[in-house]
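Take a look at these structures.
Each of the two complexes below includes subunit A, the first together with subunit B, the second together with subunit C.
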Partner chain A sequence: MVSVLLVLATVAAMALHVAFGGTPMAYPDVLRALLGDDSNTRIHLAVTEFRAPRMVAAVVVGACLAAAGAITQTVARNPLASPDLLGVTAGASLGAVTVLVIAGGGHAGLSGLAATVGMPAAAFTAGIASGLAVYLLSYRRGLDSYRLVLAGLGISGLAASLTTWILTLGDVTSAAQALTWMMGSLNGKDWETVRPMAISAAVLLLAAMSSGRWLLLTSLGEDTAVGLGVRIGVVRLVVLALAVLLASVATVTAGPVAFVALASPRIARALTSTVIPSVGVSALVGAIFVLLADTLSANALAAPLPVGVATAVVGAPFLIHLILKYQRRLS
Partner chain B sequence: MKTLNLEAGPTDERAPAGPAAPAPPRRKAPRNRTAWFLASVLALLLASALSICIGGQPSSLQEAWHALFTPTGNVMDVTIRELRWPRTVLGICAGICLGLAGTLVQGHTRNPVADPGLLGINQGAALAIVAAIAIAGDLPALAQALLAFAGALVASVLVFMIGSAARYGATPVTLVLAGAAVTALCSGLVAGIVLLNDQALDTLRFWQVGSLAGRTGVLQLVWPFIAAGVVLALLNIRALNALALGADTAVSLGISVLRARAVGIGAVTLLAGTAVTLAGPIAFAGLLVPHITRAITGPDYRWLVPVSPFTGATVVLLADTAGRLIARPGELSVAVVLAVVGAPFFIYLARRKRLQTL
Partner chain C sequence: MSTPQQGLRARDLSLGYEGADIISGLTLDVPDARVTSIIGPNGCGKSTLLRGLGRLLNPRSGDVLLDGIPLREHSTRHIATRISVLPQAPTAPSGLTVADLVSRGRHPRQKWYQQFSASDERVVEAALEATDILELADSPLEDLSGGQRQRAWISMTLAQETGILLLDEPTTYLDLAHQVDVLELVRRLYREHHRTVVMVLHDISLAARYSDHIIAMKDGAIVAQGTPSEVITPECLLEVFGLDAHVVAEPTEGRPHVIPLGTVGAAPVHT
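Presenting the complex of A and B:
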């Protein structure tokens, strides 16, 4: 029931996202253009070549980040263990920026092989390296939640600082482009960049959703899982790799969009009243979150803002709420 | 993977050590602290000399001396007097502020991973300035400095309030998390404002990367604030030593905790705010310096507070000089160098068996 409602809400958010844009258009015209009516070439072009890919990108980013967050929070059994706090998105962003600067993307952005293979590969490698570093650095006779979070924040700070530096090395001079990699932005997405990401996201999301049983097992704790005859180490490794892949796809698409991965699984859990967040429901919540945030940040003010601004401003109070909640429980 | 729930989280070891059972001294104070103090002054002189002599066109010590004391106006004199010497002075001042602010923050929170840069104070200052410029247009440098203090004050109070909402006060991890949340919030708002306002964007370029390059004019304006911050820090020493035994003990020793905290936050705001106006957001210096200083002087704040400005200035100058050496012919900004050194140290602190309270 919740899932059906969420699917409907996602469709509504997608419609809202497409309906608003730089040039005002009548909604029926937008709908007609979406359905393939190209009698008005201007509207048809604007809708299919600019608004539609951006909308798809928003869905990809939101769904992937939220699914990654659901997995990591479940496996670590820690509501704060999301890819953005664990340094994975910051690391992935660093990887993507490095390729961008080395391959000389500059103003035009990358094209060809470097964009479709190089950047995602680098983002994934760097993302997994930071995730692994955080895991290993915080491992000391078991994992401790506070050590995990502190190591994640340390690696995030390092990666963000290096990203700033690499951006100043390259030809990435426009503030807007730099902000994409610092804040996360969906500006100027076209099909050429969005299509491969959307396909990878679909495959990964299907895999993540079918891992629900495994996630439930890891959430029961080591002893129970071993008692049930599950090779918990392998399971954990596979689902975490999946989470890093998902986060990397999202980061390559839009940069490190903050707090989606942290907040969406919590909201999903509250909606479905389950112990662990369902990956599918989280993905839907994340997609709605990013769609609405992008609609808002792109249209509410005089100039279009990157989506990361909206998610940061909405998400930071949520993190504060989490801190206060667990702080209270401690005392 | 054992207990990963935050519910079972970090504060267990923070059960208040009763005043009846004073904690045994954690580290023996080195025997000859005066010698160490002189050594730290010497280290600062050495770092200054390096900072003056190393650059695009390296100079010898004689040349540096010649330029500073008997200038005749040759190329090297001009280079040193106009470019390097001001930059060195700026580095020293920023280092004094960062080192002292870090020591005070760690002392008041008794948190070994506290750092003004990590606690959102820098971003708070940047947000205040950018927002004011977006509303009121161009502002004189003095107004910018005052705004930076206001922003730093609001951010630090906010972070401490969030981080210490529990009965036992702030734990290391919640304080840093609260800092991360406030930093994210402020940087989101800053990014939003500068994209709407070109004038604010021009100002922000200045803030985005912590660097010592090309900001010498500000110093003449803000040195009174540095002096005030240092004086407040020195006034805070007795209270810091008492607070290190826990707030309850401090009260029984006749310290007004409220007044001590107010003086401390005032000093941190002045020092961290000045550091931001001087050098942009620099994180991790405030984290590293107190640990280095503590290794030299031991945990007594009567030594820590006076020595940490020297170690702070040395650390910032060395980081700046290293950045010029590593990335020749370009340069690595001092904030990046400090992050590369400081982040691993931060993780090392987090890895220690128990995140000891100070």
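Presenting the complex of A and C:
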């Protein structure tokens, strides 16, 4: 029931996003353009080549981050855990910024093949490498959730300092471009960049959604799970790899978008009152979150904000609320 | 050992975490269809042995044999249909209901593509009924008393429908009435069906009351084993625990009951 409502809400948010995500257009015109009417060339182009891919990108980013968050929170047995803890976001930023600064140096920023293929590839590779490093550092005779959190913080910190250092090496144009990327933005998404991300996201989300039964078993603790016949090492490796890949896809698509991975599984769990956040429901919540945040950031102020700023503005108070709630429960 | 043996056996088993072995070269035949308790001082390796028997800890050398075949040659899922394990002080995520928990016991018998079947449903209900918590099925685990919660966990192991149950200190954190309650339940459930139970217990008198077989351990080795009357003697208590004690026959079944006098090395209290 909740899932059906959420699917409807997602569709509504997608429609809202296409209608209001940029310069205002008359809604009937937008609808006509979506349905294939190309009599008004300007509107048809804006809708199909700019707004539609941007909307798909928002769905990809939100759903992937939220699904990765749901997995990470369950495996780490910590409601404040997020894929940032797996080192993915910081690692991907390092990869992206390195390419931006080194390949973009001396020119008017980064363009051409380096921008469309080089930067996403570097971000993806570095994100996954960081995730792998965190996993290997926290693995000693099995995986311990405290070690996972500590290793994640260490690797993220290391990647963040390296990123800052590389920023100082670049010229002003590429450094500014890098900083924009690091804010988390859906600007300038076209089908060429969005399509491969959407396909990867669909495959990964299906895999993540079918891992629910194993996620619940791991949440009972290592000994109980093994006693019930779960190959805990294999299960953890597979679901964490899924979380790393999902978070990497999202970060490559839009840069680091804050708080979606943290907040969405919490909201999903509150909506469905399940013991662990459902991956599918979290993904829907995440998609709605980013769609609304991006619509809002395009309209709220005179100058459009990067979506990462909007999610942070909404997400930060939510995090504080969560922490206060846990403190009250503990005292 | 020349013929394949039924049940659970340890052969030349060495176990440890980091550093030196905690248990080395231990050999043990777990008595079939009996309730066995492992007793011994803190750090003697009794929980380590239980973890080894339940493949929660892999042997450094030697083997644990299930029906004559080493555990590592069975799939962990197959083992879960033969042996159920209740770890010490198990935890569950908040909000998990009793029925949810007990249903997890069906996992080893379900294929990944299968939904929860009607027969799974029946087994879970029977397990809840056997532990007398059917009316608590929809309650979250954290709303239960310590004794009820332990019943829920035991119910989960029942839903696994295994012939062998390993319990690591099942009475921890329970008051005396609930300790007795849990031990009565385990003994009744498993005697009725001729199942095998191995548990680690701290209280020697309770172990004597509720076990057919006692294994006394010290420094990672088995010092004595046999019926409660054979093992729980003043000499054995002195050797294993360094405890000076009288052992008397308790009035109901005549099983040994320990009356501690003092520890060896402490000031004597009976002279």
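Things to note:
As a convention for this text, the second predicted complex is superposed on the first by the 254 of 331 C-alpha atoms of A that agree within 3 Å, B and C clash if a C-alpha of one lies under 4 Å from a C-alpha of the other, contacts with A are read in each partner's own complex, and residues count from 1 in each chain.
The rule is simple: a residue touches a chain if its C-beta (ideal position, glycine included) is under 8 Å from a C-beta of that chain, and two chains touch if they have at least 3 such contacts.
Computed from a prediction, not measured in an experiment: that's the story for all the values here.
When the two complexes are overlaid on their common chain A, residue A:Arg77 makes contact with subunit B and with subunit C alike. Of the two partner chains placed around the shared chain by superposition, subunit B is the only one that A:Gly308 touches, whereas subunit C remains out of contact. By the touch criterion defined above, A:Ser273 lies against subunit C but remains apart from subunit B after alignment on the C-alpha atoms of chain A. Residue contacts after overlaying the shared chain place A:Ile323 against subunit B, while subunit C stays out of touching range. Contacts of A:Arg231 after superposition: subunit C is touched, whereas subunit B is not reached.
When both complexes are overlaid on chain A, the residue A:Ala261 reaches neither subunit B nor subunit C. Legend: residue contacts after superposition of the two complexes on their common chain; A:Ile43 is shown touching neither subunit B nor subunit C.
Greater residue coverage of subunit A by touch, when subunit B is weighed against subunit C, goes to B. Looking at subunit A, you'll find residues 77, 221 touch subunit B in one structure and subunit C in the other.
Subunit A contributes residues 77, 141, 213, 216-217, 219-221, 223-224, 226-231, 273-276 to its touches with subunit C in the complex. Within the complex, the subunit B residues that touch subunit A are 1-11, 113, 118, 162-163, 165-168, 171-174, 176-178, 180-182, 184-185, 187-189, 191-192, 194-196, 201, 208-209, 283-284, 330, 332-333, 335-336, 339-340, 343-344, 346-347, 350-351, 353, 355. Across the complex, subunit A is touched by residues 17, 51, 54-56, 75-81, 84-87, 90-96, 100-101, 104-105, 107-108, 112, 160 of subunit C. For subunit A in complex with subunit B, the touching residues are 76-81, 85, 137-138, 140, 142-151, 153-155, 157-158, 161-162, 164-165, 168-169, 175-176, 179, 182-183, 221-222, 258-259, 297, 301-303, 305-306, 308-313, 315-317, 319-320, 323-324, 326-331.
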